[in-house]
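The structures come next, written out as C-alpha cells.
You will see two complexes here that share chain A, one where it goes with chain B and one where it goes with chain C.
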Partner chain A sequence: KLFHFGPCRISMSMNEIRAGFAAIKDNIQGRDPIRTVSILSHPHSLHKIKSSEKCCIIHHLFNFYVDKVFKYCTTEDSYVNRKISSIANSFLSIKRNLAPCHNQNMCKCGQESTEKFKQILTNYRGLNVTSAAMKSLGELDILLDWMEKSR
Partner chain B sequence: DALLPAPQNISIISTNMKHFLTWSPVSIQGETVRYSVEFQGEYERDYANESWIPICECSLITVTVCNITEDISATVPYNLRVRADTGSRRSEWGTLKGFFNRITTYLTPPLMKIIVDGYHLLVELEDLGPAFQFCVLYWKKGQESRMQQKMVKEISSTLHLDTMEAGTEYCVKAQTYVEAINRSSNFSEMQCVRAQG
Partner chain C sequence: GELYCSLPNPRNVHFESINMKNVLHWSAPDGTGDGVLYKVKYSVYGVGKWIRKSECRNISRTWCDLSSETADYEEQYYASVKAFLHGMCSDWTETARFSPLTETKIDPPMVSISSTEKSISIILTAPEKWKGSPEEESISLAQVYPGLQYNVSILNKKTKKRWWFSVSNTTLVVPWLEPGTVYCVSAQIHVTTPLLHSAFSKEYCIATLKDK
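Our next item is the complex of A and B:
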C-alpha cells in the first residue's frame, strides 16, 4: 500500500505490525497504570499536524520508538517479547524505506512538527524510562491510526 | 562433563513465506538429546545489545526442525542458532551461517482449478495465507493481445472471471504476489477450457 507523508511516498505493509500489536495490546496497556497522561496525544493530537510536515514527524517518531521505546519494554513474558521484536524489526524495515526520501532533504521540519516532537519528548521524560517506554508502546495504535490516514 | 557437540548443517527451508530451521541430529549413545532454538533480528543486533530471543515452541524439543515463521515477521536479516541438551550436558550454540531474510523465500506458482459453470468461467485458487495476493490473467485462445487481469487480495471462494461466448476456448494462468516482500511467483501453467455450444 502507498503512504503519503508530505512529499514522501513509501510503499509498505502495516498488516504485520497491526497484528503483532493487537496480539499484545491488552498486556502492554495493562502494565501502564497512569491513565491521565499521554505521550503522543498530549496536549494535541497527531492529527493536527499539517500534511507537509508529516514526513518530519514520522521520521522522528520512528527513531523515537527504535531508540527510546522497544528496548525498554522487555517483559517476563516470552510471547510478548517476541511480538515486540517483530514490531521493532518491522519498524527498522520501514525506517529503511523512509530513508531515501529523508536523505534527499525532502523532509522539512517546520515549527509545528518540531514543537510537537519536542512535546512528545517532554511527555516521555516526565515518567521513568520503563513507564514511559511501556506507555509509548501502549499508544502504538495512535501512531498506526494516524499513519493509516496518510494513505 | 565434556560439552556436547554443537548441532551441524543448520539451514533454512523457506517456501511461500513459511520458514523452517533444520539441523543434523546430535547422537549420544543411551541419551535423549533435546534442542533449543533462538533468533536475533536486526533490531536486537543493532539496538538491543545483540540479544537473542528464545522460541518457546522450540525449547527442549527432540525433533530437528523448528517452524520459525511466526518470529521471522519483518523483512530484515535474522540470525538463528540452536544448541543440544541432554539434561546433564549441553552444547555450544550452533549458528546459521549467514543471515536469513524472508525476502529470499521461494514463491511457488499457485495451484489453480478452472471451473466451467454453464457459460461462466470460474477459478479456484490455493489458499496460501493472508500475506498472499493473486494476479489472474485470462484470455480467449488465440487473442493473447487482449489478455484481461484480475487481482485477488483475499481468497474467499471461487472467483468469477468471465461470461464465455458459446463454443469459445478460454485460457487462464495465475501468479502470487506478496506485498510484505514486494515479490511475485512465476505464473502457473496455462489451463484452457471450452465453453459449451
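Our next item is the complex of A and C:
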C-alpha cells in the first residue's frame, strides 16, 4: 500500500504489521499498568499535525521506534519476541524507504512537528527505559491508525 | 468509604461494539446469585482520570452503554466494574485497552437494486457510526475508514452462476445479463487496514425485464 506523508510517498505492508501487532496487543498492553500517561497521543493527538509536516514526524517516529523502542522490548515469551522482531524489521525497511526522500530535504520540520516530537521524547523520558519502550510498543496501533489516515 | 472487599470480582469485563455503539458487558462474580449491584467507571488512555458513569451506579444488569463516553474513535479507553452484595464489595475489574476504531464490528451494507432488460444497478450504503441523538450529524463508516470497500456477489438463479465484484464506490452496474431472469445480490463491507469486514447482507433478488 502507498502512503503519502507530505511530499514523501512510501509503500508499506500495513496488513502484516497490523496482524503482527494484533497478535501481541493484549500481551504487550497488559504489561503497561500506567493509564495516566500516553507516549504518542497526549497531551496533543498525532491527528492534529498538519499534513505538510507529517513527513517530518513520521521520519522521527520511525527512528524513535527503531532506536528507542524495539531493542528494549524483550519478553520471556519467544512467540511475542518473534512478533516484535518481525514488526521491527518492517519498520527498518520502511525507514530505509523514507531515507531518500528525507535526505533530499523534502521533509520540512515546522514548529508543530518539532514540538510534538519533543513532547513524545519528554513522555518517553518520564518513565524508565523498559516501561517507556513497552508503553510505546503498546501504542503502535495509535501510530498505525494515524498513518492510515494519511493514505 | 469502601467496605471490606472480599466479594469475588465481576468476570469477563469487555466492550462489545457494533458500528461504534460501545457497550460494556460483564458476568456476575462467581458463586453469587441475585441481588448483586454494580458500579462502572471509565477512563481515556493517557489521561488517566477515572470518571464514574452515573447512569450505571447501583445497577443490577450486567451491561452499561458507554457509547457517548467513547465516541472519539481517535482515543483509546479503559472501563472498570465493581460489584456489591450484602455489604461486601469486589475489587475494580478492568477491561483491556479498548480501541473503537479497530475493535468495532461493522454491520452489512444496505443494498438497493433496480433492473433493465440486460443490466442490474446496485446502490450500496455503508452503515452510519453510532450517534447519541437523531439531531446529531450522521457520519458514515465510509468516512471513518478511507479504505472501505464492498464485496458484491451476484447469482443467476436460473443457471446458478455467481459473480464476485470488489468495488470502492457505492454504485455498481452489471451489464450483459439475460432478459427475464432473476438475479440475487448480496454484499459485504471489507476494510483493508485495519482489517475489518462485515457479514454478508441478506440476498436481494430482482428480475431483468423481458425482451420487448
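Just so we're on the same page, the second predicted complex is superposed on the first by the 151 of 151 C-alpha atoms of A that agree within 3 Å, B and C clash if a C-alpha of one lies under 4 Å from a C-alpha of the other, contacts with A are read in each partner's own complex, and residues count from 1 in each chain.
In the analysis below, a residue touches a chain if its C-beta (ideal position, glycine included) is under 8 Å from a C-beta of that chain, and two chains touch if they have at least 3 such contacts.
For clarity, every value in this text was computed on a predicted model and none was experimentally measured.
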{"item": "Side-by-side fit of chain B and chain C on chain A, or clash", "value": "fit"}
{"item": "Partner chain in contact with A:Ser78 - chain B first, chain C second, else both or neither", "value": "first"}
{"item": "Touched partner set for A:Arg31, first chain B, second chain C, both or neither", "value": "neither"}
{"item": "Which superposed partner A:Ile142 touches (first chain B, second chain C, both, neither)", "value": "second"}
{"item": "Which superposed partner A:Asn15 touches (first chain B, second chain C, both, neither)", "value": "both"}
{"item": "Angle at the Cα centre of chain A, taken between the Cα centres of chain B and chain C once the superposition is applied, in steps of 10 degrees", "value": "80"}
{"item": "Touched partner set for A:Phe70, first chain B, second chain C, both or neither", "value": "first"}
{"item": "Which of chain B and chain C A:Ser93 touches, first, second, both or neither", "value": "first"}
{"item": "Which of chain B and chain C A:Ser45 touches, first, second, both or neither", "value": "second"}
{"item": "First, second, both or neither for A:Lys1, with chain B first and chain C second", "value": "both"}
{"item": "Distance in angstrom between the closest Cα atoms of chain C and chain B, superposition on A", "value": "5"}
{"item": "Common interface positions of chain A, toward chain B and toward chain C", "value": "1, 15"}
{"item": "Complex interface listing, chain C residues touching chain A", "value": "43, 45-49, 74-76, 78, 96-97, 99, 101-102, 146-147, 192-195"}
{"item": "Touching residues (chain side chain A, partner chain B) in the complex", "value": "1, 11, 13, 15-16, 20, 66-67, 70-71, 78-79, 81-82, 85-86, 88-93"}
{"item": "Complex contact set, residues of chain B against chain A", "value": "39, 41-44, 46-48, 53-56, 70-71, 73-76, 78, 130-131, 179-180, 182"}
{"item": "Residues on chain A engaged by chain C in the complex (per definition of touch)", "value": "1, 14-15, 18-19, 22, 25-26, 29-30, 35-38, 41-42, 45, 47, 138, 141-142, 144-145, 148-149, 151"}
